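Next come two complexes built around subunit A: one with subunit B, the other with subunit C.
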Partner chain A sequence: MSRRVAIIATGQTKHTARRPDVNIRELVTEAVARALQDADLTMRDIDAVLLGNMEPFEGFLFPELWAIEGWGGYMKPSVKFNTGGTVGTTTAIAAYYYVASGIYDVVMAVGFQKQSEGHTQTAITTVGDPIWERSVMAGAIGNFAVMATTYMHESGVTEEQAAKAAVKARRNACLNEYAHLQMPDITVEDVLKSEMLAYPVKRLDMCPQSDGAVAVIFAEESKAQKLCPRPAWVKAVATAHEQQYMGDSPKRLAEMRSLIAASRRAYQAAGITNPRRELDVAEIYEVASFAELAMYENLGFCERGQGGKLIDAGVTELTGELPVNPSGGVMSTNPIGATALIRVAEAALQIMGKAGRRQVEGARTALATGYGGNAWTDVIILSREKP
Partner chain B sequence: MSEESPTLRVDFLLDTEYQYAVGQYGTQFFTELRDRARFMGVRCPECGRVYIPPRPVCGICYRELHEWVEVGPEGTIVGWTVVRIPFIDPMTGEQRPVPYGFAIIRLDGASTSLYHFLDETDERQIRVGQRVRAVFREKREGSLRDVLYFRLLGE
Partner chain C sequence: MRRVAIIGAVQTRYEARKASLAYNELVYGVVRELLDRTGVSMREIESMVTASQDAYDGKTISGMAINEVVGAYLKSEAKVAADGLQALLYGVARILSGEFNLTLVVAHCKESEGQPSAITGLMFDPFVQRPLGLDELTAAALQARRYCRKRGATPEDVALVAVKAHRHALKNPYAQRAGAFTVRDVLASPLLADPIHELEAAPRSDGACALLLASEERARQLTDRPVYVVGLGNCTDAYWTERDLAEADALREAARRAYTMAGITDPAREIDVVEISARYAHEELMAIEALGLHPRPVELIAHDRASFINPSGGPLCGNPPTVSGLARAVEAYWQLSGEAGERQIEGARTALAHGAGGICGQNHTVVILRRE
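The block that comes next holds the complex of A and B.
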């Protein structure tokens, strides 16, 4: 029988386009110090540390060595994770397993990326099989765009509805002191008129590239209760992986097989039958506006083909029935190796009641997801109540 | 020295060469493509899915795949775009000229799809469900580039 586990503290950097003032060790130190301060712990109280980073996006290997004093790994039990867009949630789920197993009591998950120092587009190219995919690939944006037209065809979603999701993200980000993009005056018109990258995807439909780090501390039941007045209990975790090639999944965005599988597994474990009603807030890994709407459908927040109507009705706005990404989401902040762990940290802040101006009043159940380049999915459900 | 920060920065260049084994199934596919200008997939004996790219195991049924079947050369557009953002072609290191048409194509008889180029760059002329046909190079070398692009077929 696994032990109960809760998130007791989080720490983030102020995410931004470029942090030339610090190296990665210094960047990671900022987030880790804030998490330790949040829990009122020192590194000596941490039994194990897990690190997430998408190497070699910055052009070097072994980030765990480069940043070891920053993330506190020296002589501690530790593992590095490198699973693409899901890096952060993989690291969080592993931290959960470490504590739930009974082997360690207090475990810290750390994630970081300095996209400004690497070649993300070039690195993402290596996701594709050299002979089958690279010779005809069109980069992350071109590959995303072909999926977006499939989704538009299947669901009837419009460019304007997608633009609304982009606007929601950037306005919410203005309530988040850690978010990268700050665009308080952005309009749907601005998104629609921004540079066409690859139809239907325009510049403001996409996430930015960010530098940033995040740390999240997990603890077993008695320590969690002692150290944190309102811990965010881990109620369920689930992961699911797609087949290899991009063309293997019949409808890609329109039918995200791994997101469907992982979310249904997590809902079942958490006893959730109607996610739209039973979840109070969601922090999802939407790399682009069209993906957010597709994820509403695939997460079961609405029926198939209703993703556009959900954003039209304001259901997922901060004041709506099920706020999605009060933090501003990936469309506002994307330091890849940290991004999915930021979803977990933000979901935890909502449960803890520490989300400041982006707080969803009375949030008791929160969803966090990670979504990777080759369609891998992680899902985590956090709760005010002990599981 | 950076203009925006008093801290130092250095530039470095990483230039590496790799080799990659295409594998037995891939070699069979690309030999057929090169010598006979045709696409070959493999069928799963359990679920009946026909896989392109061909592979030794059906990931869904965990069954070994041995039955080769011809698919295409015509197919249907599942998703499409016209790429306007500059992108470095990973095979050549050169910037690919923009704009170019790009699509997910389900070849007739296949259960999975291929990504490839289209001969059209006008967004108003392309739609999901449209029929396309592979245009092969005269001189083929055994790569996906043996297909120049897919041509949109009339209604």
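The block that comes next holds the complex of A and C.
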């Protein structure tokens, strides 16, 4: 019933801690220009632009409208989304629905954040309910510390195993010219010895805050085939929300209800019964080292409680059976409004065979996820085959 | 292509301060009432699109606080941080994609919980414009002045819009402000930012509204009077300092797209009800022109031929930002479903709802609704 939709182009900035040389407009332009160049398009070919950004981090209201010259939206339809960490995948999924609906044929999704212009933890602290949670919620780190200890207790995963995910991320990032934290010599020891932020989360277990932007172009079937030699077809999209209060999801990372629901819905739509075997690569929104291991379990890459063993066995390394985050993931690059859309862009690059030194040979099916708010999840499955 | 229908719509009464309700309670109220009115259970609704602004809610990812009351637990919800009519547009796209049959669309805002001037000041370029102390109101005043000078409109011409709006609102039980004002009353009301007077600007307001969208086949099962979304258009203009503020080019373009989709060639004749999202009186004049309803809007209003424009009174009679556009769709739907009470326009078949966002209307949405 739906029209078929594919990703035909992507573009990213070189993500970094601070880009004092550009403003938001100029930052966004870099990603948009690269995406257009990727498919040899001009803005004339784009019917609508969808934007993802978390404006509290920049202290702006409608920063995208100020930055319009940067994304070429003059006299075009546009809309901005705001859903927290998931905003990039919210935007990608909206681009999919808009193209599938027939309202637009070619839609560009743009995610951006200039994290350095605001104070990240201040903005994250106001995520909490003002009466019940705000006084005890210390931004993202305290929240993850609670989740990580719960997960360690439930699954028996160790700090060393989590540290391996952090090492993998920063080493893979060295193969990605756009990644922010590239650390070729990082060891498990380095992660364990890094500054303790809130037990058991140490500095190198966490994602950085970055300045960056990404653009991904979606097109309906006939245009996709005309404009792109090897499009990344959207095989399934799914979103599942969690309840608002932390106390309502007591198992936190150990049982991620929204990730389970969204991934199973997407697997079913894509005809996947054994994700570890049938997926060739995954770009997941892992935020922190412990979360990556928990996500393996909740995505069904391994049995419950086996996330630590999966990384011990090297299954998710770039050379493993199911490489996870060859790009370096969120632990290497995190401009919040762009982060989840970067997962989609990276998954698409793998399908298109354009991932350079981080390419997973012969990748035909790729998974991308977004994670945000109070533990809600987006899942997108891309494929070399038409759905 | 599939067709999408609206099968129910609900809004709160708009008030300056709903002190007893947190914004999630406000949303709960409209969602509960919508379910009761349509007889649809939350279990059946597969998808939700909400519209709100973190800055007004004083909370990062503020959509989080309403996820449960819109029934999004383990379901697909997305929040547009834009005018509420954009949420309707996305809701329609979701159904047209074939993946969903029922989509809930909700917008809320409690202006009373923040300082509007400080919040709207965040729309301005941080380097050059913010230090000047600009806000939505002062930018609108600059636009009003530019528009009036270019078109030769007088203060009395603009005041007429406010007179009509508040007169219409006398028949609208949801309106926050209504009255049989004269042009003299309007021009004697406090000057907020020259040339805009208090009665020419939307008052600070709290409120929410919700609509339920259905695929054609579901709509036929659930209601005997579906109203179809037959035209959609959206367009974004340049930033406010990089365009002629007297012209609403983006609205003209959004309307052109919506009319083309709906097969409308003569809007003034073919559209029975128009709900314009004018938060300042002069914006209604601009919109009447840009929507192709009349080349000289002042004439239309002065000769009392504008009763089909904003029969609700429009945002001048109370609608918070973000809610403004979606509330227009609620009113337009009620006019077509025969639920508009005393302000019902007899025999209305086709209605237009307009929404706007950004400084001086940088982004515009036009939706055309039609009953069978």
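The rule we apply is simple: the second predicted complex is superposed on the first by the 387 of 387 C-alpha atoms of A that agree within 3 Å, B and C clash if a C-alpha of one lies under 4 Å from a C-alpha of the other, contacts with A are read in each partner's own complex, and residues count from 1 in each chain.
We take it that contacts are C-beta pairs under 8 Å (C-beta built on N, C-alpha and C of every residue); 3 or more make two chains touch, one makes a residue touch a chain.
Note that the structure is a prediction, hence the values are computed from the model and not measured.
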So, does A:320 touch the first partner subunit B, the second partner subunit C, both, or neither?
-> neither
Across subunit A, the partner (subunit B or subunit C) reaching more residues is C
Does the superposition put A:102 against subunit B (first), subunit C (second), both, or neither?
-> second
Just subunit B (first), just subunit C (second), both, or neither: which does A:243 touch?
-> both
First (subunit B), second (subunit C), both or neither: which does A:59 touch?
-> both
In the superposed arrangement, which partner chain does A:305 touch: subunit B (first), subunit C (second), both, or neither?
-> neither
Given the touch rule stated above, what does A:261 touch, subunit B (first), subunit C (second), both, or neither?
-> second
Classify the contacts of A:353 with the two partner chains as first (subunit B alone), second (subunit C alone), both, or neither.
-> neither
With the two structures laid over each other on chain A, which partner does A:387 touch: subunit B (first), subunit C (second), both, or neither?
-> neither
For A:21, select first, second, both or neither according to whether it touches subunit B, subunit C, the two together, or no partner.
-> first
Shared subunit A footprint, subunit B vs subunit C, residue numbers 59, 126, 129-130, 243-244
Please give the residue numbers of subunit A that touch subunit B in the complex, ascending.
-> 18, 20-22, 59, 121-122, 125-126, 128-139, 141-143, 145-150, 153, 196-201, 243-248, 250-252
Could you pull out which subunit A residues touch subunit C in their complex?
-> 1-3, 23, 48-49, 54-57, 59-62, 65-66, 68-69, 73-84, 90, 93-94, 96-98, 100-103, 123-124, 126-127, 129-130, 238-244, 257-258, 261, 372-374, 376
Tell me, which parts of subunit C touch subunit A in their complex?
-> 1-2, 53-55, 58-61, 63-65, 67-68, 72-82, 86, 89-90, 92-99, 119-120, 122-127, 232-239, 242, 249-250, 253-254, 257, 357-359, 362-363
Inside the complex, what are the residues of subunit B that reach subunit A?
-> 2, 4-7, 9, 12, 14, 18, 20, 22, 26, 30, 51-53, 55, 59-60, 78-85, 87-88, 90-91, 100, 102-104, 111-117, 123, 127-129, 143-145
